[in-house]
Amino acid sequence: MANAVLTEARREADAGDDAAARTAHRNRTRLGMLFWLPLAWLALVILLAALAPFLGLAAPDAIDWANIKTPPGTEHWLGTDVLGRDVLSRIIYGARVSLAVGFAAPAIGIAAGLMLGISAGYYKGWLDDIIGIAIDTWLAVPGLVILLLFSVIFGGSLLMVCVSLGLLFIPSAARITRAATLNFATREFVVAARGMGASDARILAREIFPNIIWPLVAFMLVDVPIAIVAEGALSFLGLSVKSPTASWGGLIAEGREHLQQAPHISLIPTLVMFLTVLSFNLVGDAVRRRLADVRESAI
Amino acid sequence: MNRNSSRVRARLLALILATVLATGPTYLAAQAPKKGGTLTVALETEVVGFDAVKGGVLGISGEIALRAVQESLITANQEGEFTPQLATEWKASADGKSWTFKLRPGVKFHDANELTAEDVAHHYNRILDPVNKSASRTFITPIKGAKAIDKHTVEFELEHAWLPFLPVIASTGMIGPIPSKANVTADKQQRHPVGTGPYVFQSWQSGDRIVVKRNPDYWNKDHVYLDEVVFRILPDTQTRYASLLSGQVDIIWTDRGATIHQGLKEKSIVSHVAEGAGMEFTLLNTRNEPLKDQRVRAALAHAYNQDAIINVSWEKTRPAVTHPFGPMINCGEVKYRKYDPNKAKQLLAEYGKPVKTNIIVTATPRGREAGEIPQQMFKAVGIELEIQPVDQVTLVQRVLSRNYSMSGWRVADGLDLSPQIYALVHSKSSYNLGGYSSPELDAMADEMRTTNDRKRQHELLCKIMEVVNEQALFLYRGGGRHYAFARPRVKNLPHIWRGFIDVTSVWLEQ
Amino acid sequence: MRYLVRRAQRLVIVLLAVTLFTFLLVNVLPGDVAYEIAGTEATPETVAAIRKSLGLDRPVLVRYFEWLGGILTGDWGKSLKSSEPVWQAIMARFPVSFELMLIAQTMALMLALPLGIISAYRAGRRPDKVIGTLAFMSVSMPAFMFAILLIFLFALKLEWLPATGYEPLSKGLWANLKPMILPALSFALVEWTILMRTLRAEMISVLQEDYISLARAKGLGDGRILLAHALRPSSFSMMTLLGLQVGRLIGGAIIIEEIFGIPGVGRLLIGAVYGRDFVVIQGCVTFIAIAFVLVNFLVDIAYSLLDPRVRVSGAAHG
């Protein structure tokens, strides 16, 4: 229940934003610079990441023996790293990893959490208890330990990273879904549907699911940047995708020793990661507010 | 009047003389070591433990800490000269199969027990007993056992004359330093070593620090100056270096090129550099396809560019080598396979089939580079190398269980490397990790081990390396050169031979 | 009351599940501690013998129940690697981690309080937007990157603060606190955002209450209203969150502890995982789980005790 406070806190904070907007009588549906600029950055990053193999970049693992740790210049636009590899290329290929994890991990977590939460909230009883215990257990083990253990056991592949990070998103998604399901399961239209003989599956799909989609979308928006930061931390520790595959956290870690003589190796990936995560946060925030308005006006 | 003035003059002279005599020593004392203070040394790795059987292999970090607390019978320097420490005399029998040591009388352990031959014999026999499975036993099997002849006389019996014997006795790992028998049998040695050394073990917070305090009853107490030495465990190179600059630690060791160059340029700290022997290398498992085929191995060796690795990974802080013996032995080229991509391609064409193999590395900057750089080098000649990052434990396990194709490994620096070389190449050695052996190599190794002629031993070592290079069993990643950095207030730090930081006679300029 | 008993029952089940799950997971790890002990110059026989002497060749469930029996009688076992008693090892490190967390949360609070109050006070206007954007920026930078930049700036360049995070209290209070500043700040710079947003949200709704309007009508200054009347009822959720975060962060400080060389529980745990020291891994995870579950439980109790009062007082003013 105290963990409900955590999620409650997040939602209240968001609600507070809406209340603040109301208080200030601002036209809150206008999507300003704080939406378009970050969106443009994200579009750029996603585009470059998707088209990476066709951009004529240097191979991200190709060593340019003559240019070790060189600063940005004409030959290598963002310079080279400690092994003479093109930083621009590595950042773009690293973006592929970060974005893949950023979207896939929350998706996996939310999908699994959804199923668990709906089952728990709809069927209640012992199923609810078991799922609840499983989730409490999952929460009690430190996340990084799980990631560490998974990485050592299953090796470093993109799939493993997505799945193990995804698992960490299950508890909150399950909790939210369960609460929402509990809420809606007792509503009249559901009772009515059951009375008319609708099967459980139909009720779940038709009546319950559409009503919980909104909190989940809000969730997804918050989780994507969290997943990207988490992947950054993992690759910083060397627990994410195997080298020489580039990843943002890995680039930052590699450049750490050379902060004095060649700061660009760490700082440029840091900046890129920061801007990307920030953009996701800003865009997500603006979208969430917009959806909140839509939702309110719908009701 | 005259007699008075002469008496005054005499008194004046006496006064002057007295003053000179009084201030003379004081003037000299200004250059002499100052007593007191706490020295902080940063170690890179945690120590498992200090018990010769339970503690496994004592890495350089553990050696540095243990040296302050325990002492060996003799000490050695880079030139191979031995000086007495706990032993005052020693001699070998005519056939070299027996050595007798006379111990220094009146030396006490930190637990007040007197040092006797029984402590020495017990320590060595415990390591040598096959039942105990001590990790240290592997390289000293020619020693049959030790016996206490009387209270201060120890006799060692060997299978045959063995040139590495004195270097082993003088070593600073698990083998050389003598612990108190009482402490070992009370099973306390692992976490609380008790020796005869200038510092007494105080406390050990795992993962954080080991603290030792001055031994007031040390047998050579005039040469001990510090009140306390703190060994802090700081695995992260950046943090270690930053701590040195900010004054939190006094001495650090590092092998990372970037940090070394920063340290060498930094005016506020003192650099200590030592040339040496030993080497880092990549081990090839000749039992696995396609490394079974000598042409494939040779192709790998020719596609491999040691100089490039030294430039990029070590940032030129180490010498390129063709053998692990450093300046001690001049073997020459010994058929080292030079960087020659065309030759590599030729050999691959002869072999005929596509070559694909893998390398295990640790998930550290060193490890990553050890995989990524060769991967590109091999790609250039058409060999595919897969990199498998694992942690240190897994790496050791896979190499020891022969479940690897290529792996990073090292030959530790020391006075006599022949025990390591023997173990690496002999067919009967369980440490023959590469799996290659031949009767020719065995014969050379056996002769090398039993000869009493230093020159012949060197000749054979070079010949063995020639076979190793021809068969392309190792890929070299640079030889021995050690770096340590210290704050200017640290005085009397001896030459960091083998990368070993000896704090026992250090004093601090306060 | 019955609710609490049920929660306590669940707590126990969860703890058992945590320990079993971790034990099974750890046993799937490749390699084991015998290799760590044996080192790079060991032989397969040495390693096999070490395994046998540590009892690692017995079935998993047997070892689990043995370990469980030990825990229930207070024996947390000994490190397989160093023979140090696990409880001792954890107890030596826990105060360090806890101190770091406390300082980090205090710093986060020092940032969140004034900024949260200002944002709520000037909700929707420029200061609020600026602070909001600042918060987003802060939360978009991972803690380990803050750590690296802080070390680079304050330890290497300016040399104002040390780069390693720990000196024991025996050396003096300031000597103990000074190295903790940078690591705690690395955390605080991320943590303050959620605290600030929580405070802001609640304060905005409190500021709309009738008794606030009443106070304003009575002529009380804004400052007095904010601090004396509005702050306390608004800080309930934030303080709850603060407590929960401490429980969560004890296990999550691993990266910071690694970077700053702080001998905390996180570093003990990560070292044990790399060294396959099963007993220590079990002990650490169990300890962290107990701490986490206990903190949650206590907050639960507090919440259920205070909650009706909040509801009542809200209704009275509503």
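First chain written, first letter: the chains are A, B and C, and each begins at residue 1.
Note that in this section a residue touches a chain if its C-beta (ideal position, glycine included) is under 8 Å from a C-beta of that chain, and two chains touch if they have at least 3 such contacts.
Note that this is a predicted model, so its numbers are computed, not measured.
Engineer: What's the fewest number of moves from chain B to chain C, given that each move must go to a chain touching the current one?
Structural biologist: 1
Engineer: State the chain with the largest centre-to-centre distance from chain A, centres being mean CA positions.
Structural biologist: When every chain centre is compared against chain A, the largest gap points to B.
Engineer: Contact counts by the stated rule: is the higher one at A-B or A-C?
Structural biologist: A-C
Engineer: Which chain would you call central, comparing Cα centres to the global Cα centre?
Structural biologist: Ranked by how close its C-alpha centre lies to the overall one, first comes C.
Engineer: Averaged over CA atoms, how far is the centre of chain B from the centre of chain C? Could you give it in whole Å?
Structural biologist: Distance between chain centres: 40 Å.
Engineer: How far is the middle of chain A from the middle of chain B, if each middle is the mean of its Cα atoms, in Å?
Structural biologist: 48
Engineer: When the centre of a chain is set as the mean of its C-alpha atoms, what distance in Å lies between chain A and chain C?
Structural biologist: 22
Engineer: Which positions in chain C touch two or more other chains at once?
Structural biologist: Residue numbers touching two or more other chains: 30, 156, 258.
Engineer: Hunt down the residues of chain B that sit against at least two other chains at once, touch-wise.
Structural biologist: 238, 391, 394
Engineer: Hunt down the residues of chain A that sit against at least two other chains at once, touch-wise.
Structural biologist: 152, 256, 259-260
Engineer: Of all residues in chain C, which touch chain B in the complex?
Structural biologist: 30-33, 35-47, 49-50, 79, 81-84, 89, 92-93, 151, 155-156, 159, 161-164, 166, 179, 258-261, 263, 267-268, 271, 274-276
Engineer: Which chain A residues qualify as touching chain B in the complex?
Structural biologist: By the definition above, chain A touches chain B via 61-63, 65, 68, 82-84, 152, 155-156, 238-239, 242-244, 253-254, 256-261.
Engineer: Which residues of chain B touch chain C in their complex?
Structural biologist: Against chain C, the touching part of chain B is residues 46, 48-49, 54-57, 59, 133-135, 137-139, 190-191, 205-209, 232-236, 238-239, 242-243, 245-249, 390-394, 396-398, 400-401, 409-410, 430-431.
Engineer: Flag every residue of chain B that touches chain A in the complex, lowest number first.
Structural biologist: Contact set of chain B toward chain A: 237-238, 256, 258-259, 261-262, 308, 311-312, 363-365, 368-369, 371-373, 375-376, 387-389, 391, 394.
Engineer: Touching residues of chain A toward chain C in the complex: what are they?
Structural biologist: Of all residues in chain A, those touching chain C are 1-3, 5-6, 8-10, 12-17, 19-21, 23-26, 34, 132-134, 136-137, 139-146, 148-149, 152-153, 225, 229, 232-233, 236-237, 252, 256, 259-260, 266, 270, 273-274, 277-278, 281-282, 285.
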